[in-house]
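Since the structure comes first, as structure tokens, the remarks are kept for the end.
As written, the chain order gives the labels A, B, C, D and E, with residue 1 at the start of each chain.
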Amino acid sequence: MVEMVFAVLIIAFIFTLFIKNNRVASIISLVVSLFPLAAFLDWGREFGINLISIGFENTMNINMAGITLHFSISPLAWFFGIMLFSLIPPILLYSYSFFSKNDGFYPFMILLMVSVMGILLSSDFLSFFLFWELMALGIFIMICRNGDRKAMVRYLSYSVLSGVLILAGIALLYHMNGTLLFAEIMLKADFETMVAITMLIIGFAIKAALMPLHTWVPPVYSTSDEPFVAFLSGGLSKIGYYGMLLLLFAMPGARVMEAYINSSIATYLLAIIGSLTAFFATFLAIFEDDLRKLLAYSSIAQLGYIAVGIGTGSSIAMAGALFQAFNHAFFKATLFLAAGSVAYRTGKWKISELGGVAYKMPLTFMAALFAIFALAAIPITSGFAAKWLLYEAAIERRYVFIAPIMLIAGVGAFLYSFRILYGVFLGENRYPDIKEAPKPMVAGMFLLVMPLIIFLIFPGYMLDMMDSFLSSAGLATISHSPYVIHTTLGNYNTIAVIVGMMFAMIPAFLIYVLRKQHLVDFEDNFIGGEIPSLYEHISMHAAHNFYKPLKDVVMPYLEGGATSIYSSLYKVVEKIADGARKIYDGVVQDYAIYVMLFLLIIAGWLLW
Amino acid sequence: MKAKEIIGRGEEVHGRLYVKVEKQEVRELIKTLKENKFQHFVMLSCIDWIDDGEFELVYHLWSYEYREHVMISTRIKREGEEMESLHDLFPQIETYEREIKEMYGVNFIGNERLTPFFLEGWPHMPPMRKDFDSKKFIKDVFESIPPVEDEDEGI
Amino acid sequence: MVIHPVLLIAIPLLFAFLMPLLKRAKAVTIIILLFNTLLAILMFHNVYNNGPLYEIIAFSPPIGIYLYVDNIAALLAVMINLLAFINFLSVEKVEIKFAMLYLLAVASSTGIVITGDIFNMFVFFEIAAVSSYALVAWKRDKEALEGAIKYMVLGSIASVLMLVGIAFLYSEFRSLNIYDIMNRMDEGSVLILLSFAFLLTGIGVEAEIFPLNGWVPDAYQGAAGSIASLLSFGPSKAGIYAIARLLMIFSWQQSYDLALSVGIMTLLIGELAAFRQENVKRMLAYSSIGQMGLILISLSMLDSTDYAIIAFFFLLVSHAASKGALFLLSERKGFGSNASKYAGIVSVMSLIGMPPMAGFWGKWYIIMGAMQMEAWWIIAAIVFSSVVEAAYFARYLSTTMQEEEHASIIAAYPPAIMATLTLLLGILPFIYKIATIGGVING
Amino acid sequence: MVTVVSGLINVLIIAIYATVAMMIGILFMGIGRKIVARVHNRVGPPIYQGFIDIAKLILKKTNITHGWIYDLALLFSITGIVLTILFLPIGGVKLLSTEGDAFLVLYLLAIPALGFALGAGASGNPNSAIGVMRALVMMLSYELPFVISMVALMIYYDTTSIAEIVASQYGKWAILIPPFAISAAVADMALQGMLMEAPFDIPIAPHEIASGPMAEFGGKHLGSLMIYKAGTIVAYTTLFVDLFLGGGVVMKGGIVADVVNFIVWFILIFLVFTLSLLINTSFPRFRIEQAFKFYWKYEAVLAIIALVWVYWMVIS
Amino acid sequence: MKYEEWSKISRIASKKSLWILHFCTGCGAIEMPPVMTSRFDMERFGMAPMATPRQADVLLITGYLTVKTLKRVIQVYEQMQDPKYVVAFGSCPINGGMYWDSYNTINQLDKYLPVDLYLAGCMPRPEGIINAMMELMEMIEKGEARGWEKYRKNYEKYKKNQEMAFKFGKVEE
């Protein structure tokens, strides 16, 4: 049955390539995107939550023209599948009115869907790597459509580097185990496997944008168009972590790797890199003025949390990492879509140029507000449960260095989330004549916010979804009921928080209701008694260079960072390349001498 | 007096050098003084000689080196004559000129900021001129405004 | 009915010289090229079914012209003729002399691939070289002439060295038949080493390996788009196949190590030079050098792993087709219509090694092969060069995506067809058909 | 039936404890102003001045609003602070603290700050925006040392729930253990930032930015913020007392023990509050960069020393 | 004048915690610090200085008012929330003081703002200020300090007067 889903997707891909009308193309892609979602929901029967059962059987082998690709479902792939494929329909609904003409967005979204499905379902390294590179190709073509040179060059070089590293890792594993099938690879804790595993992890880390390898993210996120970036940052960046989890846990030989996980420095290193990424990316996000770049750095920071979860390796940490991945997928996608609809109406990206958009676009603001609450992990949102699990795991493992840095990065999230709220949405109404975003866009955004609300009250359901993976990975499942999570150190009861809030709300509500109040327009603000309307417009929007005092203190330390290392590396390569080009100086006599020299050298070498 | 040596003319009044000059020479004079240690521009004042029908503009300069005060004065017609703006020599002259424009109505060419300074929306003639009768103005404007009484003034 | 491989060479030569008599040169050449491709495909089918073809023309073994066609030779012949046919479609106005030279070049390249006689290979190299000198100089502007002169100078040196090499061989074994020499290799004296050196240098110039490819940037820059694309899949591919046969003859460990080191040098120098090059055609020329280096590396692994021959084939075909398409596209500044945009992206992606295209299998098998040999420095070179390659191709794509120079239909479709070739080969790689050939080469 | 009744009693006790805590908070505001006046050699307002101020503000005749987001500040601030108090054990009585732990309390404290910031942002007043910027930077700065000392505590007592920390400090207060003395000092300075007392009252500086975020809050909105301020006094001092001074638990046992513990708790939070007031009266206001450097340089180093010491104690 | 209902509790609360916004025009501002510091200490009556009109109950005009400053004073007054009181310091707000014949100074503040309490003195001493505040508290407790209500009732009259002042008498009908 899986072939049917693949076939439908490929036909739709070819079909949408040649449709010019945006409406038709988006409807087709929307309908087609429901197929994989239905398939994954149906496979839920085995892994705890059976909502629908259509009877898709889940193993398949394709062999054609000399190569055989093996496909089967695993609990980890099922979890990621649910996350990614429930992300796509709202995005496609959003893009129904975002694009004026179909210039290639829908076909390559379907191509991405095919590649993601291929990666998740593949059970041998050949098909895994084939679909991984197909995904890289799909993303590159999406970036090509906007033709920003820096984004294209950086993305392609990073993704080719990651592709070749992964290929080298796979080749080494194949060389040692003689087979490409996941089931038959026995990972031993010897040196070669370590080299292969580290190469694979570095390859996956590039896609997951961990700190030293993150420089491709800001240019790509800030130039490509929003629906794609929402899917890229929300969904595709998690595939890197899927690879890591596959490697460290889902591989049958992984149990042998137990020594590799908890004692070895490698995964602890991963946790440290994750926490440092969260810390530095948050600071970079705080000072960023371009809204999309800010969201890019914030998404790098949130991804750092997941790396910490995987690095810590205990069952709470794993649950926290997956929960954080799930939340991040949805609230980051909502934020990017909200930024897209703001730009759709105002055409501006810089926070200093925006302001007061909420008055005319209340629905977009509400979606963004809820997403930001989830981002900042306010206890009434599901974001908190994920981060809470990660903190518990860090304390349980006594990671003295990582826990405070993660907490500070969490607090740092408040800073840039307020910056987005105030700079873009609230404050002085600088765009009085814009309208609310069109209906499909708003519908898309609210659909994305829905899962965050479901898991707000009942984080337990999320943990049910993970139980099948945790048990298959040989980790202890977390004891939980639909609304309470127990861990050895402490527990978190969402119902207690919500009921407590109801009680605490009473006095505030009384004060609010009993006393009347009247609305005051924007001009009536106290700025030292001055009357704004007297002069040609004084701009009362204080969002430009918002955290200047903090920036003056912190920026000198941040200057070093990755960019300076890369620029020096780039210069070295340039010098060598110039040397290489000098050889072809266009003088024929030199070429003739080269030929004779070559002859002498090899003759001498052979005779000697 | 060191200043007298620099300029060569002018009489001493109460320990200060008082120089009467034509309108065109003022810029030259201030420039030379500025180069010779008279860096402090004290103020620009305007006197309304209503009988002669002229305004007297006095530029006051002070030197920390020599501790001397120089007053350069020039006369312009009360109606319609304009003075060139010297704010390129000393930036603060721009505000003094603005005040004199508002209070006496003297126009300074080259000064872009001659907008109302203290009297926002002042429709009448400049108030500092001698022919402005402030008592009558007070009676017309401020006295004529009726105090606000309630119909049933209780207290 | 047995297809005589000699027809593949004879017919184009015959019609090349009959060309002045026939009026409609373009139509005739197209028919001949089409006929040649079909013939090659039939020949491949025949060879695949009942083993390699031996063919002796006119004289007995030691002297006679001796053709030997196995699977991979047949496949290369198909490739050369098919791409030549597509390439020729894109040439607007065709003069008689141009058609003659074009046919000569195609015939000689096919000849090099299917000949079994070393002297015969030398003769075909000469014809190919001469015809490509003239073709490069076809535009008659300053760049074209400069490129042609450089090509001619180095080409003539190469032919002299090749002749000396063959002379040593003949003096040693009294025979020119490659397989006869191969079997009696061990009783040769020190002289064979010398002949290998000479032969390698001679053929190397045509096959664009590192120190010998001085002429490549100027020749490709000077030549017109279609001629540059012809050069990229015709003579240079035949040359690299000739080196493969050379390594087969002188199959010592030393020669494979030599091929490896030269291959890595060519790869790195080619990629780095392309990285700093702004002119599109020169950049593509350098990138060809880089790719040739990669193919040479895959050749150097021939004896130690059977993935090598598969990698060699896929790298060769994908580079020929996509570089051909890119050279045709480089005629105009930007990607005009959608078709040329499709062609550009598909060929660039195939060179980098992205999945649906043939280049992916090349990259997959070469790294698999390298890992079999646990040759870490090959992996490192490939990693570094593929990143550099990605960087300059991305830069190339970003500039060409902006310019919107409209292209006529004739000019837009041939590259698109070539790009679709790599796409089809990528999707249906028919590896089992190529895998069986490996046996013969080593046998 | 029995469980329902006992449940109701529990709820009642919790409600009483919460309201009493809020009342104590407002009382402390009055007492605080009295202490500050006495230091200034002034008479100072009556102790119940806090109640009068809040009554006057709530009973204002007209109230202004800048939209529903502006009112969010009012709702979030009181709800957040009362919820935090519910999750803190007061005088040994575990209200809801068994349900949530220290991280939950840390993030619950952020709800009023964010609601406050939203309201100030919605008002569009530049003063309030700059005020909120300073408040968030302050939060970032004092959070680092406080979090490091909290992590030290958690590692030492091997738990993250405050109730257990309080329980395990029954005999021996944490402050008496050498490393925790340093952590307590660091946490006390962080407390100074949390309560926005003098050296760190940068966000609500009346002279520079017209009382920062509260520039546009008047009438009942300002009344609710005063209640929030009162709540913060109780919440932060109780947090400090629970973490380092054993939460005021002196006796175990029934109602009598609860009353005694309550009194001890009251005295302890009063002492901590007075300490911070005395620091308040003797320091001028810092600039925001100085405050950030102070916390991230000197305080953080001290906290790290304590953390390493505890970590070394825990391992050996 | 029929008065709004003003409950006793809110009057006492308002009386016992008067928050002052002193609009420091003219020379009266320098009299306020001694009132706040330890010698006279107005805080013992619950009075505290406030930074914004939103938070304040009493608007203290501490000196002469030019037409330009009157515009800002009125903006600040309107930003305050009822019940609000105006206390005018010194002789200038009463009759223009020594600037009675200046073309720019407001002679009688009462024409433009409902003043609850005048405090004579060419800058009254702190004792005078404290005494005035006590007087104001009495008026609030008895419910006589109804300036805010008067302003609301005669809003148009006040606005007309203010317009007259701002236009220096040249009001185009």
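The definition used in the following text is that contacts are C-beta pairs under 8 Å (C-beta built on N, C-alpha and C of every residue); 3 or more make two chains touch, one makes a residue touch a chain.
Please read all numbers here as calculations on a predicted model, not as lab measurements.
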Lowest number of touching-chain links that must be crossed from chain B to chain C: 3
Those chains which touch chain E and also touch chain C: A
Touch-network distance, chain C to chain D, counted in steps: 2
Chain whose Cα centroid lies at the greatest distance from that of chain A: B
A-C or A-E - the one linked by more C-beta pairs in contact: A-C
Chain located farthest away, centre of chain C as origin (C-alpha): E
Between chain B and chain E, centroid-to-centroid distance (C-alpha), Å: 36
Chain A and chain B, separation of their C-alpha mean positions in angstrom: 68
Distance from the mean Cα position of chain D to that of chain B, given in whole angstrom: 60
Touching two or more other chains - residues of chain E: 52-54, 71
Where chain B touches two or more other chains, by residue: 120
Pairwise chain contacts under the document criterion: A-C, A-D, A-E, B-E, D-E
Touching residues on chain A, where the partner in the complex is chain D: 356, 358-359, 373, 376-380, 384, 387-388, 391-392, 395, 398, 400, 403-404, 407-408, 410-412, 414-415, 417-418, 421-422, 426-429, 484, 489-493, 496-497, 500-501, 503-505, 507-509, 511-512, 515-520, 522, 524-528, 540-543, 546-547, 549-550, 552-553
Contacting residues of chain D [partner chain A, same complex]: 15, 18, 58, 60, 62-67, 69, 71, 74-75, 77-83, 86-87, 96, 98-104, 106-108, 110-111, 113-114, 117-118, 121-127, 129-130, 132-134, 136-137, 139-140, 143-144, 147-148, 151, 154-155, 158-161, 164, 210, 215-216, 219-220, 223-224, 227, 287-289, 292-293, 307-308, 311, 314
Chain E residues touching chain D - in the complex, by the definition given at the top: 4, 7, 9-10, 13-14, 16-17, 37-38, 41, 43-46, 49-55, 57, 80-83, 148
Residue ranges of chain D touching chain E (in the complex, touch as defined): 33, 37, 40-46, 49, 52-53, 55-56, 59-64, 206-207, 210-211, 214-219, 222
Residue ranges of chain B touching chain E (in the complex, touch as defined): 118-124, 127, 132, 134-135, 137-138, 140-148, 150-155
